[in-house]
Structures are given as structure tokens and as C-alpha cells.
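Two complexes, one shared chain (chain A), two partners (chain B, chain C).
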Partner chain A sequence: MTPEISIIGMLMGNLPSIIGIIIGGLCIAVGVHFVPVGGAPAAMAQATGIGTGTVQLAAGSGLTGLLAAGYMYMTLSAAGTPGISEIVLICATGAVGAMIMITVTMLVGNWVYIYGVGVPPASAKRDYDPITGDPQTPYVAAGTVGQGIPTVCFVSGAIGGLLGGLGGSLIYCMLMWVNGDPAISSIFAIGVFLVNAVLPSYNIQGTIEGFHDPKFKRLPKAILACFIASLLCGIIAVIIPSGAMLSGGA
Partner chain B sequence: MDPAMGMGLVALMGAAATVAGCSEDLESDIGSQSNPNSQVQLAAQVGYPHRIFNKAISGEPPSNAMYCAVGAGVAMVLMSESVMSASPLIAIAIGAFVAALLNGVFSTTSYLGRNASQTRFNQYVYLDVLRNQILSLMGHAYITTFCIVLISYVMWNQNLIGHPFPFPVIALIWGLCVGAIGSSTGDVHYGAEREFQDFKFGSGLNAADSGNITRFAEAGVRSSMDNAWFCSKFGGPVTGIAFGMVVFLDNWRSTAFSGWTAVVVGVVIVLVLVIYNRKVETYARKKYGPFPEYAGDIEA
Partner chain C sequence: MSAGGPGGEAVTAETANQIDAKGIGIGLIGIYIAGISGIPYLAFLAGIGAIFATKMGADAVRRVCSYGIGTGVPSIGMLALGMGLISAMFGLAIGKMLGVVFIGPIVGLVLALVIGFVVGTLANKIIKLNIPVMERCLMEIAGAGVLVLTGLSVMIAGSMDFVVISKLVIETGYIAPVFILGALGILHPFNASLGPDETQDRTMVHALSCGAIAMVIGGVCSIAVIGPIAGIISTIIGLAIWYVTFMGFIKLVKRDAGAGYVGTGLLPPGAM
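For the complex of A and B:
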């Protein structure tokens, strides 16, 4: 067997895993757009959203979900390699873990804005909150573009956490299908997660309030970029462990 | 594992996480790391030289992830039978000490480099600032790393929880998580309130006032120690509560319940938090009312 044929064979044999990694990457890319991040201005109560960077928050929540998913995978794999139904449960566990992390962070962030800084949460991108219908602009401090995390941003952030945790867990499960080693899979899943969290942040350019923000409409570009990046990551993820096995290294 | 033992471990992890979150936030407040650093950096450039410690090594999540992964890596090596089979507590303490030394190296080079590059704005390198505050930075970094490596050890140890990820990777993820939480919660108290205490409470920070940080303290010139004193009253503890809640709630639901029940319990927790956040938001709008400067058509 020539090396070329064996690599193609490996890729074709692991096609479901590559597709899963791409779907996971796309979930992360979409999830990052939902997370309301205000960057440095939000840390000075000058912009609506959570006062930190896009990638950092998405990674913080998504990877917390990955820890829960990794444990669940180990528990379920005691009865054999997990199938589709088990993977759905593992991804749900990871998604909920990420949602808990991000909702707790947003809630405590609002405590700080309200009790520590003395400003009510308000969005500057919409006159009225799309979920509660509350007027927003009268509550925006002069010279700022909003502050805190109003309900629409909170719900958007929870959806972002869900998608991030789901994507990270799905990538981990797919990598476990390929190599079966939690150590390699976890590190590679963190890498793929970061790739798909960094690319959409160019769309966001520092701040986004959530799904009601006009920047959310740039989503298709991020999906295309992350599709290509995840495809490459998927191919590499399959070739490295399988290549090691072919050459007798594993 | 015995359920009582499992719940005890979850409680221990939650307590350690609370301490870690608090010390992580205070460490970043003393060093002005993360987003509030932009104002400390800007202050001298817009004519307000100061004696605040200035270290933006990186965002808080990557730097804490690095300290925790280094701490766990050192502890793992010391505990391995082929090296010295050290007891876990000693190994974790030494690992956290190595991480604190790294923090010291990064803090020193960061402070010297940043302030030296701002000489043209009359921002000097104050050796007493460096000498007095570097140890408190390292001390807080030690506490954070110790607690997080301890949490990771409890998760990783096969006789306790037995998580499949490698020890340093678990520590890296929790380090990333505590940094993300500290940067999102406690740092706002420092960046939006303590750095701008000259402005009226609750007035918001007009973008035109960026860089005009408060440079004089209750007595004398303000230092980063004064900032830690102030933030330890609110910003630090709430960061601890946030990280403690994340670690406790996430582990509690997977320890006390299993399978889909754990997922449903997690969703219920999220829904309760959404409703509670709405209550807090409504309270703030009623309590503070609209800004008096607002002159638009929309009725509050």
C-alpha cells in the first residue's frame, strides 16, 4: 500500500469524525457570536456586555463544559465505545456545564455593575429590550454605549454557552473515536476550540451584545472561515494519531 | 464512590474555588492586569502619571491557565514514583510556589518594561512600588494556584473522582475558567469604580474621561495596595462566589444525579439564574431610575 492511498483510506475511514469536528467547530463559531462581550470598555462600564475578551470568555465556558463532557464520556464508555445516543447525552452534559459557567458569570457581573458601580443594565443597540420590552436608552449613561447585561444579552449569552459547550464536547467525542486517548483528545479539542473561537472574533471586533446586535449579521462569513479551518483541523486530527499507528509509533 | 464522600469532595472543591476566585481577582487588581490596565496605561499618556502597578502580561485567563498548568505539572512530577513520590500536599505546595515565582518574573519584567517605555510621559519606574507590591502579587498568585491545583488533583486522582484528562490539562482548564470569571466580574469593580472614584457614584464613565484615573488615596498618593484593600470588600469576594458557584453547581449536579437527570437539573439551574437576573435588573432600574441627562423621546 502506498502512503498516499493509506492516508486517503484513513481520511475516508474517519469521515464521520471529520464531519463531527466540522459541526462542532461551526457550533463554536455561532456560539461566540451569541456571547455578549464588551471587552475593555465594558470593564469600565462604557459598553454593554461582559467585561472581558471574546475568546477568553467563550473558551472559559466551553472548556468548563468539556470537563463535564470528558467525565461523562468515561462513565458511558465503560459499557463499550459510545454510540450516537450516548454522544447526544455527552454533548448535552457539556452544553449545560458551559451554560452554568456563563450564566453564573453574567449574574455576578450584573451584581458588580448594579451594587458596585451603581448603574442599571442597559443595551445601547436597541431602544427596547427585544425580550422584555423595557426601554433601554434612558438608562444608558452619558458618553457610553450601555452598561451591564440586560435580559436580552443574558439569554443570548446562555445560548452562546450552550453552543460553545456543545461544540467542544462534540469535537472531544469525535477525537476519542479517532484515537481513544483522553489526553490527546482533550488537548486537541482545546486547540480546535480556540481556532474556532478566535476566527469569529475578527467579525466581532471587540464588542457584541448578542443576537440582537447588527454585527450578528456577519455570521455567514465566520461560518465559512470556520468550516475551512475545522476541515483542516479534522484532517490533521485524523492523520496524526493514525499516522503514528501506521509507522508503528503507537 | 460513597455519595457522602462525593458530596464532601464537591463541597471541598467549592470552598477551594471560592478562595481561588477571590485571590485571583485581588492579584489582578494589585497588578492592574486585564482590561482595567488599559486605563492605567493610558493615564500617563494623557497627562496623569501615577504610582499604580502596571502589568498586562496577557489576558487573565491565559496567564492563570499557565500558572495552574505549571503548578500541576511540577506537582505531578514530584508525586511520580520515579522521581520522589512526594506527598500530594507537599507536591502541590511546591508546584504553586514555582508558579508564584513565574508570576514574579513576569510581573517584574512587565512593570519595568511598560513604565520604562513611558518615560517621555513623565511616568517613572518606582523601585519602591516594585519592591513593595511584587511579593503581594506572588502571594496571591500562590494562593490561587494552590487552590486550583488542589481542585484539579481531587478531580484527577483515581481514588477520588478519577477524571480521564491529564492533571495539568484539568488545571489549565480551571485556570482559564477562573481568569475568565475574574476578568468578567471582580475586575469591573476595580476598572469602573475604584479607578474612577473622583466621579459621582453611578454616573457611568464618559468615554471622554478615559485615562483620568484617581491617583490620590484616602491618605497620600494612591498605590495598588489601596486598590486591593478597596476591592477586597466587594470585587474579590463576589469573584470567589462566582467561581465557587461554577465549580460547586457543575460538580454537584453530576455527582448527585446521573445521565439525563443531571442535564435537566443543569437546565433548571440556568433557568433559575435567568429569572433571578431579571429580578436584579428590575430592582436596579426602579432603584436608580433613568439618567437625568437623557433628552430623547423614549419614555423610561
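For the complex of A and C:
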């Protein structure tokens, strides 16, 4: 009834998957630093960024990316087990899915800030927008640290969505390689995703404006921490087989 | 969001060791009786175990978040269930692989403690959060995550077998409500009760009532999985626990709400 499964053998055989999970985890960790997270102050239009926490944004974009990637995986795997080129396509789909989610959130959020709250989007971290060159300081309301999502934050957020979706889909593909079970792979990808999204959010102390924010320089610490965490998660994840494999292919 | 201000160690009436002992003890006993007995009508015991595990997680969240982690309380609840999910599934799978199903929850719990310790050390030593209780609290939170996920999954499936849980809980998608309700039970009580007048008993009663809501939803899910009678037993017991704990919560809210106020001092310099 119980198949003989050697743990060491599985680890060695699945080394590429572990490396893939680590790369995916690092993509998520870097992606979190790009997303303009404003937290509760931004929800009151007193800080630049989207008015919610890192984890909600990362989980939202990551899950949208996973859905897109899962659909693409299903379509492409109809012809057989996906190879490297298919995995590139799947990860690209996941990245675009996550980018759509995060950009729509920023766009609609900006409508609310501009037309609802009545504030001009402005960054408090730079005097001039690094992309458009527009002056920012005159538009930052007194007593606040910016408001809304200015161009540079929008671009940075789109890059963050890309990296988050890419990382999530890569982890999903790697797990599908190992166990071939979409349910277990996706729920595991969510678990690894959350661990890798929360650790960097401690690194940025909950808020960041994007790649132009001085906090972005803390990135190496998050990369080191997430490397270790992803390695641990990857080793555990590749040992788990699918339910079908355990019950003897039934 | 974090409690704000410099923060410090939370005031406790019931010590962390007592809550941990109850959470792990009742959690594991409930899961084992429900999983090993094979009697579907006892499946609700795993849900009761999950409620006490929720309380253990919520108390750990309370202690670590009273230092002010800067990212909001929900992040740590999601981290708990992220770590818990990986460990719980690994534990159940390894039990099945080795042919001894009943070691599953304990392996999952031990692994969660290890992952929690590693992640806590990473947060303290590399990211430099410098919260003295971080390692211990993340171990407790990850352990609570495992027990909540395993408890609710065993309650829904009526079995501890990874193949059965995989087929009945994960592939059917019931893992999604289990995941998010388990996380809410751990993160919501302190997130809702925090502030200068937060009291431990009020937050803990709130945690029990959140755990009971997760049990009710788990019971509804299990109507379709292990059968109407076992599912309805879990749902009704969950509703009863929810009613009692929620009434207790309202009583404590009224006790704590009086006409008085609690002085919090002036804002620290540079707070704006």
C-alpha cells in the first residue's frame, strides 16, 4: 500500500524545482519593495501609495497571477507535460495577471483620491518626479507625507506586480513539476508566497513609495532573509507528493 | 495597524505557557480523537481543538504586535497560516508516506515550530526588527496555524489520512475558507481589540468566538463531505460555542467601556 519514497533521493532529483522555488521567492521579495504601499495613512490620503497593507496587496496580485497562470498551465498542459518554453509562457501570463490587478487597483484608487477626496497625487520622497520631472513639493499638503499615486509610484507598482506574479507562477510551475496536483500546488504556492511577502514587508516597516524611496536600499536584507526562508519552504514543498501518487495512482 | 507609540510588553493575566499548553494539548487531543476513532460524529472534537489553537495564536499575535511591528496585525496572521499550511500538509503527507498516519499532526507541529523559529530569527537578526519575543511568538503562531488548519481539515474530512484530506478538503476547495477563517481567527481578535485599554481576557474571548465561527463554516462544509448528521453536529456545537463566547465578549466590552478614559500621554516627538 505504501510506496517506498526516499526523501534524500527526492531532494536530489528535485533540485531544479527547489532552485526555481527560491528564484520565485526572491522575485516576490523584490516585488514587494516596488509596490507603493501606504497602509492606513494612505487610506486617509495622508501618505503616498495604495491605502492598504503589503500583505493584502501582495496576496491580491499574487492570487490573480496564480489564477491566470493556472489557466495557462491547464491550456498548455493539454498537449503534454510543459517544458521550459511553456513555463516561460505560463510565468508571463501570471505576471501579466498580477500587473493587471495591481494597476487597476492603483488607477481606481487614484480616481478616488483625485475626484473623491480631492487631492493631487504627489510624492513626498522626491522634489521632482524621477520619470516625468514634475515638481512634487508644492502639491504635498501640509502635515502629510504625500497623497495619491503619482506617475513614478504607478510605474514602480506595475513592476512590483510583474515580479510578484512571475514569482508566484514560477513556484506554482515548479510544484506542478513535482507533484502534478493543481490543488496542492496552488495552495502550497500561496503558503510560500505569503511567507515571502510578509518578511519583506517587515523590512520596509509597512510602507514604501517605490524604487525611488530611500527604504528601497534595504533590499539586500530582505533578499538574504527570503533566500533562507524560500530554501526551507522549497525543501519541504518538494517532498510532498500528490494524494494520487500516495494512493498508488488511483 | 500597530498599537502606535513606543509599545512594550503586553499585560497578561493568563500566562503564555498556560495558553500554549491548553492550545497544543486540547488541539492535539481533539484532532487525534476525531482522526483515529473513525466515528464521524466525533469529528467536531477536532473543531474544538482548532478553537483553542486559535486562542493560542491570537495570544501570541497580541504579545508580538503590542511592540508595534509597523506592517499591521493582519500580516502576521497571514504569515502564520502560510507557515502553518506548508507544515500541516507536510506532516500529514509524511505520516502517509511512512505508513503511520497518526504521527502527521505532531510532525506538522514540530516542523511549524522549526519554521517559526527560523523566520523569527530572520526577522530579528537579518531584518533587525529587534522584538525580544519575536522568535517565541512566531513559533507559537506557526504552531497555532498548523493546529487550526489540521483541526478544521480533520473536522471536515473526518479522517487524518492525507489522501482523504487531499481529495475531500483540498481538491474540493474547502481549504480556502479554512485558510482564511483560520487566519482571521488568529489575526482579527487583537486587530479589533488593540488600543491603550486592550485587556487580555476580552481579546481571548474574541479569539474563541472567531474560532467558533470557523468551526461553524467548517461544519457546513462537512455536511457535503462526511455526511449531514456529523456536519450538523459540528455546526450546532460551533454555533453554541459562538453564542456563549460572543455574549461573554459583549459583557467584557461593556465592562471595559465605562465612562472613564485611559491617559496615553502626548505624541512622541517626530510622530507625525
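One rule holds for everything that comes next: the second predicted complex is superposed on the first by the 236 of 250 C-alpha atoms of A that agree within 3 Å, B and C clash if a C-alpha of one lies under 4 Å from a C-alpha of the other, contacts with A are read in each partner's own complex, and residues count from 1 in each chain.
What we mean here is this: a residue touches a chain if its C-beta (ideal position, glycine included) is under 8 Å from a C-beta of that chain, and two chains touch if they have at least 3 such contacts.
Only a predicted model underlies this, so the values are computations on that prediction, with no experimental measurement involved.
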Which of the two partners, first being chain B and second being chain C, lies in contact with A:A225: first, second, both, or neither?
second
In the overlay, answer first, second, both or neither for which of chain B and chain C A:M101 touches.
first
Can A:F188 be said to touch chain B (first), chain C (second), both, or neither?
second
First (chain B), second (chain C), both or neither touched by A:G53
both
Touched partner set for A:Y139, first chain B, second chain C, both or neither
first
Could you look at A:S123 and tell me whether it touches chain B, chain C, both or neither (first, second, both, neither)?
neither
Given the touch rule stated above, what does A:A40 touch, chain B (first), chain C (second), both, or neither?
both
For A:S169, is the partner it touches chain B (first), chain C (second), both, or none of the two (neither)?
neither
Pick one for A:S17: touches chain B only (first), chain C only (second), both, or neither.
neither
Residues of chain A touched by chain B versus by chain C: which partner has the larger set?
B
Chain B/chain C common contact set on chain A:
39-40, 53, 56, 59, 143, 183, 187, 190
In their complex, what parts of chain A are in touch with chain B?
39-46, 50-53, 56-57, 59-61, 63-64, 66-68, 70-75, 89, 92-93, 96-97, 99-101, 103-121, 127-128, 132, 134-144, 147-151, 154-155, 158, 182-183, 186-187, 190
Note: in the complex, chain C contacts chain A through residues 1-2, 69-72, 74-76, 78-79, 81-83, 85-87, 89-90, 93-94, 96-99, 111, 115, 118-119, 122-123, 126-129, 162-163, 165-167, 170-171, 173, 175, 179, 272
Which of the residues in chain B come into contact with chain A in the complex?
34-36, 38-39, 59-62, 155, 161-166, 169-170, 172-174, 176-177, 179-181, 183-189, 191-193, 195-196, 201-210, 234-235, 238-239, 241-242, 245-246, 249-250, 253-254, 258-260, 262-263, 266-267, 269-270, 273-274, 276-278, 280-281, 283-285, 287-288, 290-291, 293-294, 296, 298-300
For the complex, give me every residue of chain A touching chain C.
1-3, 5, 39-40, 53-56, 59, 143, 181, 183-184, 187-188, 190-195, 197-199, 201-203, 205-206, 221-222, 224-225, 228-229, 232-233, 236-237, 239-243, 246-247
